[in-house]
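Have a look at these structures, which come just after this line.
Heads up, the next two complexes both have chain A, just with different partners, chain B and then chain C.
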Partner chain A sequence: MSGEKKEVLFEIQNLCRYFTLDKHNTLKAVNNVSLTIHKGETVGIVGESGCGKTTLGRTIKRLYTATSGKVLYKGQDIFAMNKEQAHKYAKEVQMIFQDPYSSLDPRMTVREIIREGMLNHDIHKGDRAAQDQFIDRLLLMVGLNREHADRFPHEFSGGQRQRIGIARALAVRPEVIICDEPTSALDVSIQAQVINLLKNLQEEFGLTLIFISHNLSLVKYISDRVGVMYLGSMVELAPSDNLYEMPAHPYTQALISAIPIPDPVVQKSRKIIELKGDIPSPINTPDDACSFASRCPYATPACSKHAPKLELVGENHYATCDRVLKGETAV
Partner chain B sequence: MEELLQVKNLSISFHTYNGEVQAVRNTSFDLHRKEVLAIVGESGSGKSVTMQSVLKLTPCVFKSGQIIFEGKDITNYNDKQMQNIRGSQIGIIFQDAMTSLNPTMKIGKQITESILRHQKVSKAEAKTKALELLTQVGINNPEKRYHQYIHNLSGGMRQRVMIAIALACKPKLLIADEPTTALDVTIQAQIMDLLAKLKEEVGCSIVLITHDLGVVAANADRIAVMYAGKLVESGTSDQIFYHPAHPYTRGLLESIPRLDASHNTKLTYIGGTPPDALNPSPGCAFSARCKYAMRICRQQAPEDREVEPGHTCACFLMDDEAKATREKMGWEVKL
Partner chain C sequence: MAKYIVKRLIISVLTILVLCTVVFFAIKFIPGDPFSGPEYTEQMRQQLHELYGYDKPVWQQYLSYMGNLLHGDLGISVYYRGRAVVDIIAGAFPQSLDLGLRALITATVVGIGLGILAALNRKKPLDYISIIIAIIGISIPSFVVASLLQYVLAIVFPIFPVARYTSFAHTILPTIALALPTIARFSRFMRTSMLEVIDSDFVKTARSKGLKKRQIIFSHEVRNSLLPLLSILGPTTASLLMGSFVVESIFAIPGLGNYFVESINTQDYSLIMGLTIFYGVFLVTINFVIDILYGVVDPRIRLGGNKNG
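After this line comes the complex of A and B, so read on.
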């Protein structure tokens, strides 16, 4: 997907989502994130637990409102939409959730689950036979049978339930699917099935995918571009292969070095950059410091005095680190 | 090398309302001294139950088998005898430190508890030991942490406390049941590093139970692969990673997205779903998902065959009669 002039689908500008805990405490889940997403591409969002990747996904889906900043979808601010526009947006942007057990209503059959969205968005309006036919086709597409349509979610395994979730998302003919850790509850052999399915469906329907995961190897495999988040900020954004070959931000470097490779010889010869300590609390994080300064092996006093911005460090490659900008690290 | 633990023909079942679940079926393996054995498998493959039954921690039905620890048959030990082994000779680390530790008990007390139970020491001596342990597992400011509760700690720190408890009495065997699954990768690296360091210091063997082959790669000496309650393949780390023999092991290795592979590589996968433990097939458990399944695979369970010294595999394809088939597929299997 390297078309020169790609249609911009999402323009996320300085998006912030804060959660007020009490009078003095604010949790900054997403802090000043800017991102452009083109039609037909897959953007991966990676980071450790609590980095704000899920909140970012949910804010884009409009499940949360933004504290400040904008999300432009086809040029239109999603938080300034009227009811009708919002309804259309809800149809075009679908979501697949992490937990296939709790994201399907246990009292509805698979057919009802998939039909619900179709009724809501007038797909094959008033023609139940056509709807049923479409449901059968969707089930086949995600690797299930039409006999499965009249069963309940508890009769399925985790991988099959995730397929039902995918069929439900596809039922309203979306343009974008936000996948929030779609395979983290699944075994590796099943994970590979679901990922291949998503990739094939993307090609077939020209979908745009926003793929949120903590598994960097998986994100590398599925994404065209990857954004790395740390403590609410996006610290690096680059084309997939670039990011893994030449990580610019010290956090990305440490994160990538910590991911084990299933090959004893390769793994034993790798140097792991060990980060000291834990991720700091996202409550009341200072606005005028680099979010990674407390754990960064290269931190200087200047790092805790101003917040670096995401800036171009290579071809299509952005990072928020002063060191990289000054050319002090090999990019 | 002398064996520390021998498990012979272990079969374990659970009785449920739906019938008998055969969690572990006829599994045998040995663990040498100062060795790290990884038991790898997907959820429900019986890897945790196998080790929990060694410690008699599950209310399961012990159908057959023999467990020999340090030359003694502990299969029929009663609760009291087991209590003397648990914690002192065999330590265990669980996956979820938040639910495995006691939230109403101070950290210090949880560590000294096992020291006081197994060693003849005074309370003051136990405290000194506990503080040493906390330092050893990399917890800063142990004096302060000693008097705190686990909700004051982060996930990685809790896992460190659990390691401190498990190693409090210098056990000969440490069972680590998915020790890093609940942790982030950067913390996972810290914990695996710590385990490797402590293994040398204490001189214990480790059984590492995990589903993550990446974690296994750098840390295990030998690997046992389980599928549907059966041990399908075992061998040294190099044998399993570079000469996998069982179709399941091959499929598993190929289905992991690798960080060092290009972004455009195709991910292969194992079709189908894991088998139902309630009605296992009479044949090989993997036959329903196996690309190479033959008629015999569905009728008869394969026995362990030695592929090369120290490398066993339970698959009919390893049989002499299947040599032509193997060659056709281009499998390099030393026999």
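After this line comes the complex of A and C, so read on.
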């Protein structure tokens, strides 16, 4: 899927989400992120834990308000919506959460969990039989069966629960699903099943997926385009294949060199870029420096003097690194 | 489920049995007896002992008491000459029950409501107000609260009647005095439990479904917050319904509370036993009801371990 001529669904402009901890400390969870998402595509967001990818997802979902910047959905600012528009937005954009064990209300049966969203968004309004039928169909679709409908969440395994979460999200006929690390709490074998399920459902319903994960191989597999986040900012954005073959930003290069390759010969022969130190604290990060400067192997004094912007470095390929722009790095 | 109930019933009976035994021997080991006051001569004391059977060995007394108990006979009060313990309880309990129920309902509604409001307004004025109410409710003893209410609202500003227990207006002050500590405790419990639920993932799921705020609060947050409260509801109910010595004395309510204190002061063996057993049976029954309620409120709790309940 090449998304050039596609309809633009999301236009995220300089989105910031800060958390004020106290008078002097601000946590910049999402800092100046801009991103365009087209209808029907899958955008992966990767980064270490704490880099702001979950906050980005939740802000797009309107679970958080933006500190500054805009998110345009079908041309409309989601933070300037009236009640009715917000309700419609809540229906069209669904979210799947990271922890399938805690994200389902333990006091409700699967049927109640799924029906709640349907009632709220008038799916098969007033017709309980049709609702039940739809619930059965949804359960089949996600690989469960109708006998599961009247059980409680604790009776299911993690993978099954995540399937319930997916069925729940699909129940309101959404256009976009934000997947916030939907597989990180699952076994590897189950991860693959859930990912394939998402991929199939996307094709079937023409869904747009925003896929947040720290698992690079997974993101590569499912995404059309991938954005790499570091310390609240998007440092690189490129079509999936490009990004993995020719990473431009030193951080992305380091990340990709760390993906294990299941071939000992190749694995041994390749160069692994090791990053020194830990990820710096996102509290009170300076606005006028490259966020990666403190750990970048190629950092120069100039890197701490101004914050680079996301700029075009190749076909559909954006990065925020001065070196790349000056052509100093062989990508 | 039926198996579970039978099992619980057996355990309950055993609990009561152990309670009776322990209390029976405990009060016999307290030095002195009901007739050790200076008004009795040695001869009178011996006659009374014979009359009540206190001259026999303790284990014989125990057996005959337990035998009577099986027939529902709690004996005759020693201090209140000639009155059967059963009659004393039957005469006083309705007042305590009435006041206790009022206090319980008030405390549950106000306490839980206050807790919910505090949690929804975390670190805002309403939250701090609820903390102040809770601190007052827990730390100020009930005799201060009761006397203060009586003095201010019945004597200085004669809005409510001073004492006695005959009309609705009479019930208001004692109900507040009795309910206040429980309001305080319930509101704190509810706030904590509610805050935990508010931060949980399934509430985020509910929000991401696009549900209305009211719907999220009632069908997800409150419903899931009530469970921890259920575990303190049992003992609280028992202690409220059994009457409070302080509140009943101050407002001159002829309830059970007074007898609890008097029976100990006068070493009225049969009344102590009677009240203890009554309280015990009451507490065990309420806990039993609440254990069953758990299953209703929380589907994850399957009583008796049978998978389909």
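By definition in this document, the second predicted complex is superposed on the first by the 329 of 331 C-alpha atoms of A that agree within 3 Å, B and C clash if a C-alpha of one lies under 4 Å from a C-alpha of the other, contacts with A are read in each partner's own complex, and residues count from 1 in each chain.
Methods note: a residue touches a chain if its C-beta (ideal position, glycine included) is under 8 Å from a C-beta of that chain, and two chains touch if they have at least 3 such contacts.
In this text, all values refer to a predicted model and were calculated from it rather than measured experimentally.
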item	value
Side-by-side fit of chain B and chain C on chain A, or clash	fit
Chain touching more of chain A, residue-wise (chain B, chain C)	B
Touched partner set for A:244, first chain B, second chain C, both or neither	first
Contacts of A:278 with chain B and chain C, given as first, second, both or neither	first
Partner chain in contact with A:117 - chain B first, chain C second, else both or neither	second
Which superposed partner A:261 touches (first chain B, second chain C, both, neither)	first
Partner chain(s) touched by A:91 [first = chain B, second = chain C, both, neither]	second
Which superposed partner A:61 touches (first chain B, second chain C, both, neither)	second
First (chain B), second (chain C), both or neither touched by A:218	first
First, second, both or neither for A:187, with chain B first and chain C second	first
Closest approach of chain C to chain B (Cα atoms, Å)	9
Chain A to chain B touching residues, read off their complex	48-49, 157, 159-160, 187-193, 195-196, 214-218, 220-221, 223-224, 240-241, 244, 254-264, 266-268, 272, 274-275, 278-279
Contacting residues of chain A [partner chain C, same complex]	58, 61, 63, 87, 89-91, 94-95, 97-99, 102-107, 109, 116-117, 120-121, 152, 154, 165, 168, 172
Residue ranges of chain C in contact with chain A within the complex	200-202, 204-212, 215, 219-220, 223-224, 297-300
Residue numbers on chain B that touch chain A, as the complex places them	42-43, 154, 156-157, 184-190, 193, 211-218, 237-238, 241, 251-253, 255-263, 265-271, 273-274
